[in-house]
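To start, I am sharing the structure in question, which I have written as structure tokens.
Chain nomenclature is as follows: A, B, C, D and E, assigned in order of appearance, with residue numbering initiated at 1 for each chain independently.
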Amino acid sequence: MTDFMLFLPELFFILGALLFFIFSLRKSPNPAGFHRWAVVLSAVGLLITVASSHQEGMLFFNCYRVDLFSQIFKVLLALGTVWVMFSSSELKGIDSRQHAEYYFLIFVCTLAMMMLVSSVELLTIYVSMELSSYSLYLLVPMRRGEDRYFESGVKYFMIGVTSSGFMIFGISLLFGVGHTTYVPQLIKALPAVIHQPAAIVGLVLTLAGFFFKLALFPFHIWAPDVYQGASNQVTTYIATVSKMAAAAMIIRFAGLSGGASPGLVKLLIVLSIASMTFGNLVALIQKDLKRLLAYSSIAHAGYILIGILTLNSQGFASAIYYAAAYLVMNYSVFMVIMKVADDGHNLQIKELAGLYKRSPLLAMTFMLGLFGLAGIPPTAGFTGKFLVFAAAVHKGYLFLAIIGMVNATISLYYYLIVFKAAYLLKPVKEYPAIAVDMWTRVMSIVLVVMTIYLGLFPDQVVSLTEAAARTLF
Amino acid sequence: MNSLSTYLIISALLFSLGLLGILQRRNLIGMLISVELLLNAANLNFMAYNRFLVSDPVTGQVITLFVMGLAAAEAAIGLSIILALYRKMHSINIEAAQKMKG
Amino acid sequence: MGALFRDPVLLATVLGTNIPFFSMAVILIFTRSNPRLSSRISVGSIVVSAVSAISLLVKLFSAPALQYQTLWFCSGKLNIAFGYYLDPLSLLMLTIVGIVACLVQIYSLGYMAGDPGYSRYYAFQSLFAWAMMNMVIAGSMLQLFIFWEMVGLASYFLIGFYYEKWSASQAGKKAFVMNRVGDVGFFLGLILLLIGFGNLGIPELNHAAVTHGLPKGLVTLSALLIFCGVIGKSAQFPLLTWLPDAMEGPTPVSALLHSATMVAAGVYMFSRIFPFFSASPEAMQVALAIGTVTMLLSSTMAMVTYDLKQVWAYSTVSQLGYMVMALSAGGYFAGVFHLTTHAGFKALLFLCSGIFIHEFHTNDMRIIGKKGGRRLKIPMVCMTIGALALSGVPPFSGFFSKEAILTVLAAQPSKIWYAAGLFGAVLTAYYSFRLIFHILFPKDGIEEQHHHAEHGPDAHEHEEEHHGFAFRAMAIPVMFLAGVSVVLGFTEHGLEHFLMRLVPRAGEVSAHARSAAAVHGAVNATAAAAAHAQEPSGSLLMVLGISAGLLGITLAWFEYGRKGASRKGFLSHFPAVWKLFDLRWFLDILYRKGLDTFVYAGLTSLFVKNDRRIIDGGIDGICVFTEGSGRVFSFLQSGMLQFNLVLMVLVAGAAVLYFVI
Amino acid sequence: MDTSGLNFILQAAFWVTVALTIAGASIAVFPRNILYNVLGLALALTGIAGFYLYLGSLFVAMMQLLIYVGAICIAIVFAIMLSRPLHIEVPPRPARKVWMGILASVVFFIGAVGVALKTKWQVAAGHVYEASKWSVQSIGDALLTRYELVFEVISLVLLVAIIGAVITAGFSRRLSS
Amino acid sequence: MTAMNMAGFPILTTILMTTIIGLLVIIFIPPEKTKLIKQVSLVSASLGLALCLWLYHAYDFHKGGLQFVERVLWVKSLGIYWFNGVDGINLPMMLLTSVVLFTGVWTMWELEHRVKEFYALIFLLVAGVYGVFMSMDLFWIFVWYDVSLFPMYPLIAIWGGTRKEYGAMKLTLYLLAGSAFILPAILFLWAKGGGHTFDLFMLQKIGFSVFDQKVAFLMLYLGFGILAAVWPFHTWSPVGHVAAPTAVSMIHAGVLMKLGAYGVLRIGMTLCPQGAVYWSHLMALLGTIGIIYGALAGLAQTDLKYVIGYSSVSHMGIVGLGLATLSVNGINGAVFQMFAHGIMTALFFSAVGFIYDRTHTKVIPELGGLSKTMPIASSFFIFAALAGIGVPLMASFWAEFLVLTAAVKVFPVAGILATSGMILSALFMLRVVQRTFYGEKNPKWEHIPDVSMFLTVPRVVLMSCILFFGLFPKVMLDVIQSTVIPFVTRF
């Protein structure tokens, strides 16, 4: 029975998925009804996840561990899912006949990611990872209309399967040197053999799969196209929820080396610097808002990696915090995008012109989200960066903090350009005021409060993340 | 002959051939075929380790089985995406899909 | 606060010196729009100041030097005091300032009548009076410096009073900046003293200098630096050109600030810390040279100009040169005495000129003469008295003070200074009477008709105006000053006694000087020489002095006064020299050129270019580079999937290779 | 000895398998005709099934033949037939891309071979290879114990794949109706 | 009420809250009610002013040291404290902030364009400024520092003038690029201090190695120096000021630039005394260059605000030079100069702002003869110019005096050069005054009304501040040196 309780969030999401599977079999689609169901279900799912957030235990013959680390990420995943579901009221980017499948895939994907963060066995991890990937592979090409976006689906798929090929190859090497597929045993076994090429290469290649999910340079190549090509809601989901799982898994796997491999750290440093720099630089020249955010997400992957590459609990905690903050801020931005582009088209930066007049509240949410992403206090994004850099500097990587801050300055430029569009520019043509319903208002305020609260009062969250990070060791 | 490194080298070769296929084939189905080679290379690794190194002889085999299953699902999804692309673009050449860039 | 009311002297000092400040504030803030009331407030307050100055002088005539002091602030070990130092010198100067300022303000009632900036004028006059009086009684050099600057500020405003005239504002700016040049030296000198000595109190400084309390090098260096302040304020060479330009201001301002009082502040400051200066013979020698050069240069300039006020301005510069010469030759009393008499007669000269200018709306002496300047009897007579005093003709005040100076100079070991002084006296007399004769005996007689034709219709009104209140307001101070110029000379001995009584100076022979002279070898030499030289040749010197003055007057008569004189001046035969004198020895051109080429075209444009091109350009370049690299990197994200995959695989492969090798 | 002869045959067969596999893989990658590729893939997969036999697992070898050669290759062939006419000549590949691809794969190949050779493979403590140590039944045990979750999840994966394939490829009953 | 009675009351947080609550209230007022917004702003600004004045009055300078301390553990694992307090260095800065905010809000009374956002952002900015000044915890100092910087972007870009978007972007990026050095430096110090506290004074007790001090100080100096317009990082100052609206220029030049110097003093020199000693020659050099360079480059400018921008460069050079001396007088003077320059430059911008609002030009040659039509507005500018020249009896004179005294003693050459900068500043200011306000009456501006009584109030407040502290420098110096004297013993 206790086992059942431990698995409750996942079970609930399976239930949700099945429900929408059944819905998908119905003859006449009812998008509004589906949306209500989805919001309610995911909200209940969130509640359940939160309620079970302090559970601990092992399941499925030790393949599955429920602990603070996994539960925090499950809460984040559920939270992101609720938000995406909430914003799916403007799901115009997907044919209304496919909405049931859309919700089904989202639920499955969230479920897969929840299993991913809890899994402590390589095959389980791989299969969960593939399940979530497959759902996303399918969600991306669901975009209705414009054919030119369709290529993103096939690109995503090809890059995804290649990365997954690397990953399974890496897992095989880990299996070869560690003689086991259990992560806890690997943690014990690997540091001793980490100087063996197979061990470290296996680790790196396994990480490559997660880097792909996190869109870290050079596994980022799908991100701009997919962000641009997928419907707004799916992009939001990929940009927020799936990043959580990826971050969690990178934290888990980076810890496998036990800090015994300077080469790995060097590699991660190089990747994080490359990712930050590349993302920020290329974002400077973007016109499409979602594409810009894609590059920004590449840069943020670099920041998260800075926290991770310290390979100590402080760094991991900071990375968890950063991921959570990133979820909130990124969703703030995407929510506004979805509201503004309520017909589901791709928002160009200049289309934001006059947003402050069309909806001051949304504009404020958007602004805080952007500033959060840019790392300006008192938003959560700043505190996240602060923690990440603190961890890096504490470990002795002063230069990394400097490079990170310089990058943050570069990134500020394009965030400010977006901000300028929303607050300063006069619209070329008259856009209608945006209908903001009560729920959206509430959501905006919640997001604003969360962004600032996380930024100014990080104490509880930080201790929580630290407790979570400690469970990894 | 029947040593670990032989298998590992063969698997490396298969993996690299798969990579090569992915990197230079323009036919999307051709790329998908190459991906299958990647997975098979990994499977071969698993089986080899299972045979030569690992104490429990079952794990590797089970993993191989699951990877095969996943490969099947992957192929199904991949082919469906490719077919959808073909319906939209009347081509399954990856070079037809390079409008999004920058 | 209580002490203020218990001590009448302090009360009089504080009240007398500060009441103009309040009048300024009241005028600027409240009564700007009411010129009459403004002028009354200002005149009333300056009268109070003058009265309190005189009463202080009377009350403390034979009292010892008084010092009031309170802590202004302290910073670390630095204690800055605010205080008053009332000794004969400051009391004398305070009185001079009070009286002249008072007279000039009364005069201005007439002169400035109807000017749109009437209120403003009085506000700045009050500001000046306040600053000047506070400077005079300042207890420390820093305080003196502060009010010295404030005086400069008032001067800036008053010179640029007619600010809509470009030349006026330009002159104001020039005055301020050139003064600043000197002040920077002054300031550095003070800082040096502060660092080396730690105290800037005037009595303390003098005492320390006399008793060898200061290292020699420090004294010389800081004395030289402080002397820069004198150079700036008292328009000494090489910073003398601002003063003639300052004549752009209203004439009463020229009378008050730029002849009688403010420019004398430099000399006053010199005499204020005279013992300190005396402790450094080198500095004194430099000062003597500068004073002499100034005196001669400006006299030559005065010889060629036709502008009434310019003549007096150059003359002021040259007389200031005399004072500096006197002081730096060790003639403490001579310098101060000349300052006193000069204040009287030069104010007189300016105020008289002001009447002419007010009447004829021109500064050109030839036109004034032509239009009948000599018919304005009162100013004409008074101006002649002033000119006689300036030329050192007995029995006018200038004679006595100039004699005192020449006596001191004669006592110098090198006679060249004395010769220069005499030569200067000749020139002074020459240019003064050149001006007088130009007005008295115009070249082609007086153009009666023209004058009347021009003013025909409103002649009556015109007359009315000039013989009404305005004229009286101008005439009374003039006559008063003329009287002073006549009698002031005879007070020499009384003044000397008054001044010398307390000064631990190293100059003239006196009982008080003995101690100072005894301990101070270097100064002793000058003092002794002066003491010895004075007695035997006293009458000879006097004769020489008088004859120098008369020679100049005669020369002027010969060229300008007598019938049939060419009225061209002997210098017109040497056009090059004329031009040299007229262009102020090219000093202005030099400065202008220097400023234009070195500062504006040189450093400024260099820096601006550096800012635009190098610094800003660099930063913009970084931005452009950043964005450009963004564009370059975006090629990595080509739409072609496999190129991207190659990158990915290459990195993965490279990572694998890295770990294998 | 008889065994040496058997050994020789086994060895020869092994190298033949290697050759077939590599040839198959090459055929799967190099020719521009997609049908050859599929056949090459099938050949390579069969070869790999042979390796599995050498590695002692008849069961996995069978599975390989069933799932891969049987199912996946057929699916691919169907896809080919559904997509584009086979007779259209494709232009030759751009050389740059080929060279870059070769470079990247060679780098990875060297790396992977390096890993294989430079690693001192340690044999696990309990490792004794005996065919009798496991059976299909123990695989089944594993599937229902440690891999119970995976076993369940894989069904979900297949469900997703089926639904996804249906909606993406546009064979949805709603769309077609 | 005495300090004793108030011991437990978090007065500093209250001061901070006046701005934050002002901000929140403004957010909830409908944007059409501009009058109400302005009134609310003025009330909360004057509340802040009153509290700061009280604070200044209540500070016991005989005792010195940190007073009105509030200290709460904020983030346990990193050792972040909500730690506020005032001492002789930040107390004048707090006062300055409140005065400038008060006058700035009042100056912008005639604003009609997007009033609500303007005041909201202003209050956000000032909340940051207050926060930096009062915080004694490195984390919060940095947080507030950034909070005060980024509202500059919208403030300039929306309400600005010439090339506003360019100016806003340049300024914001430039300044935040500075924080790219500050944050790592702060973290570096934190990490070297064991990684368990951001408390400034706890860190101070940990002796950092000389090398660490050098590294950290250089980074802090670069980072904060950008905001303090240290040459050669000064070019944002003219460009930004030209673009900014009046109140923003006032607050920015008046207060924000001080954050830079304050940061160097508060963090750099407190935690890295040896580093400061090591780099003091660099600081003196750059400070002196700034003084002279600013004045000379300003000579050629034709835009009023450019001129003021360059004068700020010059004046902040004095602050830099003062800090570089590492002596009581130098630092006293530097802090005093920060205050004096803040007030003075606020007056400058407020005067220019008025002129610009009416004439819609800041180009000096287009102006000219303004004294005739706008005597009051002109007199404000002239007064500020005089303060800028360093005319005695105005606050900045004392500051310059102290700094130069210290500088001549410690760095004679730099001191003498800096003193000669006084000539240049006179030339430079008077040139502007002459060209803008003197000369023939310009018919173009004939019908422009002068400053109304109501709008003179903030300017008069600023003028009286300058005069008051010029006449009674003791009031400020006693406070400043109560902290500075023990401070310099560590160099």
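Methods note: a residue touches a chain if its C-beta (ideal position, glycine included) is under 8 Å from a C-beta of that chain, and two chains touch if they have at least 3 such contacts.
Every value quoted in this text rests on a predicted model; they were computed, and no experiment measured them.
Omitting subunit E while holding the rest fixed, one finds the remaining chains still held together by touching in one piece. Here the chain-to-chain distance from subunit A to subunit C, counted in touching steps, is 1.
Common neighbours of subunit C and subunit D under the contact definition above: A, B.
Taking the mean Cα position of each chain as its centre, C sits at the greatest distance from subunit A. Here the largest set of C-beta contact pairs joins the chains B-D. Central chain (C-alpha centroid nearest the global protein C-alpha centroid): E. Each chain gets a centre from the mean of its Cα atoms; the one farthest from the centre of subunit B is C. Centroids of subunit D and subunit E (each the mean of its C-alpha atoms) stand 70 Å apart. Mean C-alpha position of subunit B lies 7 Å from that of subunit D. Averaged Cα coordinates give subunit C a centre that lies 37 Å from the centre of subunit E.
Distance between chain centres (mean CA atoms), subunit B to subunit E: 64 Å.
Shared contact sites, meaning residues of subunit A that touch two or more other chains, fall at 123, 127, 130, 134, 137-138, 141, 151, 153, 155, 158, 162, 166, 173, 176, 179, 197, 201, 224-225, 282, 285, 413.
In subunit D, the positions touching at least two other chains are 97, 100-101, 104-105, 108, 111-112, 114-116, 118, 121-122, 124, 127, 147, 150, 154, 157, 160-161, 164, 168. Residues of subunit C in contact with two or more other chains: 634, 637, 639, 641-642, 645-646, 649-650, 652, 656, 659-660. Chain pairs recorded as touching, per the definition above, are A-B, A-C, A-D, A-E, B-C, B-D, C-D, C-E.
Touching subunit D in their complex are the following residues of subunit A: 14, 17, 21, 24, 27, 29, 59-64, 97-98, 101, 104-105, 108, 111-112, 115, 121, 123-124, 127-128, 130-131, 134-135, 137-138, 141-142, 153, 173, 176-177, 179, 193, 196-199, 201. Interface residues of subunit E facing subunit C in the complex, by the touch rule stated above, are 170, 173-174, 232, 234-235, 239, 293, 296-297, 299-301, 327-329, 332-333, 369, 371-372, 375, 379, 386, 391-393, 397-398, 401-402, 404-405, 408-409, 415-416, 419-420, 422-423, 426-427, 430-431, 434, 437-441, 472-474, 477-478, 481, 484-485.
Residues of subunit C touching subunit D in their complex: 642-643, 646, 649-650, 652-654, 656-657, 659-661. Against subunit C, in their complex, subunit B makes its touches with residues 19, 22-24, 94-95, 97-102.
Interface residues of subunit D facing subunit A in the complex, by the touch rule stated above, are 111, 114-116, 118-122, 124, 127, 145-150, 153-154, 156-157, 159-161, 163-164, 167-168, 172, 174-175.
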